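Each chain carries a letter (A, B, C, D, E and F) given by its place in the written order, and its residues are counted from 1.
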Amino acid sequence: MSIKSINVRNQFRGTISEIIEGPVLSEIDVSTPSGIVTSVITTRSVKDLELAVGSEVIAFVKSTEVSLAKL
Amino acid sequence: MSIKSINVRNQFRGTISEIIEGPVLSEIDVSTPSGIVTSVITTRSVKDLELAVGSEVIAFVKSTEVSLAKL
Amino acid sequence: MSIKSINVRNQFRGTISEIIEGPVLSEIDVSTPSGIVTSVITTRSVKDLELAVGSEVIAFVKSTEVSLAKL
Amino acid sequence: MSIKSINVRNQFRGTISEIIEGPVLSEIDVSTPSGIVTSVITTRSVKDLELAVGSEVIAFVKSTEVSLAKL
Amino acid sequence: MSIKSINVRNQFRGTISEIIEGPVLSEIDVSTPSGIVTSVITTRSVKDLELAVGSEVIAFVKSTEVSLAKL
Amino acid sequence: MSIKSINVRNQFRGTISEIIEGPVLSEIDVSTPSGIVTSVITTRSVKDLELAVGSEVIAFVKSTEVSLAKL
């Protein structure tokens, strides 16, 4: 099954630079042109997707999850 | 009150380029070096923070909200 | 660009049965074998993805967003 | 205290089929008529609610947390 | 159906003091002993639950949604 | 960099009373005038912010993450 497009507006393409694996969840650093984006997903998903350092991925976030701070 | 630092790993500094205001929630486009980041926050917060096109902000996201897709 | 797979464990395939469009966000009912799944996404995404009643979609949710109640 | 009803539109009733317990968070698979729904909650909540394989639960998700992908 | 208990650690009991109703989502202020807690839920849920100013409710939040800032 | 204000409506000021540290995520109890608020953030953020029992913090939550239950 191939997904054509997802609704998520905020997408950051990059390469995995680090994985910290825990028993349930793992922390994954994605190196993108705009810096590191960090994602926490289940360790089972890391294995199902066969993610490893060097994998090409898109990190994405729903707009309703983005907060704003004023400088 | 001044906040020194927040726990959120994913922070994108930029300038507001567009605001679509709804009765309850508003959609805010933030122009960052890595492209547009879109945030949806309450219209009351837009007013409380006096956000407008041109305001300097940080968009931020908790790591647990970031999903990954494999290419 | 075609996405091969996403990390999200909870995926519900179905057909859009109703769209309530607001100025910023829209509510979309997806009819799945396990009943209606409701999603709220930006109205801009509804238009970008050209979603309409009858569109085939996958509704998906991060595991960290799923709560449990005991009966 | 008994809760009459919650606002969450997306509710999936089922039985716990697996628990992977971590030091802070646990992953819980709920077997529902529409397949497995996976939830990640704190291990303390697993213990407070006395959740175990076989427990009857409702998995629920806010509509704003549901994303859509087009096929 | 009566729910005995939910996994969510953060629960704030209070009374609805204000509802701002939008076409898709509504903003609801809950007056609690610890101040106002604001929730955004679908307008359909507001109607399904027959929420109104004065209704007694519990506002609740998953621990994974709570961020921290250092002072 | 000093943040002047964030959009998040729900803010709870308090003192950290307990930290349960996991390999990837940590659970942090914040003692506030209105009771304990529990937050789950990455263990790396706990270290970056030098959070410890006794640290003064603000726990905050986006309104779109707050659910309601009727009593």
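In this text, a contact is a pair of C-beta atoms (placed from the backbone, for glycine too) under 8 Å apart; a residue touches a chain by one contact, two chains touch by 3 or more.
These figures come from a predicted structure and were not determined experimentally.
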> Pick from B-F, B-C or A-D: which pair repeats the contacts of D-E, with over half of them the same residue pairs?
Replying inline: B-F
>> Between chain B and chain E, how many degrees of rotation does a Cα superposition need? Round to steps of 5.
In response: 120
> How many angstrom between the C-alpha centroids of chain F and chain C?
Replying inline: 29
>> How many angstrom lie between the centres of chain E and chain F, each centre taken as the mean Cα position?
In response: 18
> Listing for chain C: what residues touch at least two other chains?
Replying inline: 3-9, 22-23, 25, 27, 38, 40-42, 44-45, 49, 51, 58, 62-65, 67-71
> Contact residues on chain F for chain A in the complex?
Replying inline: 1, 3-8, 22-25, 42, 44, 62, 64
>> Could you list, by residue number, the parts of chain B that touch chain A in their complex?
In response: 3, 6, 8-10, 12-13, 27-28, 30, 32-41, 45, 49-51, 55-71
> Residues of chain D touching chain A in their complex?
Replying inline: 20-23, 25-27, 38, 40, 64-65, 67-71
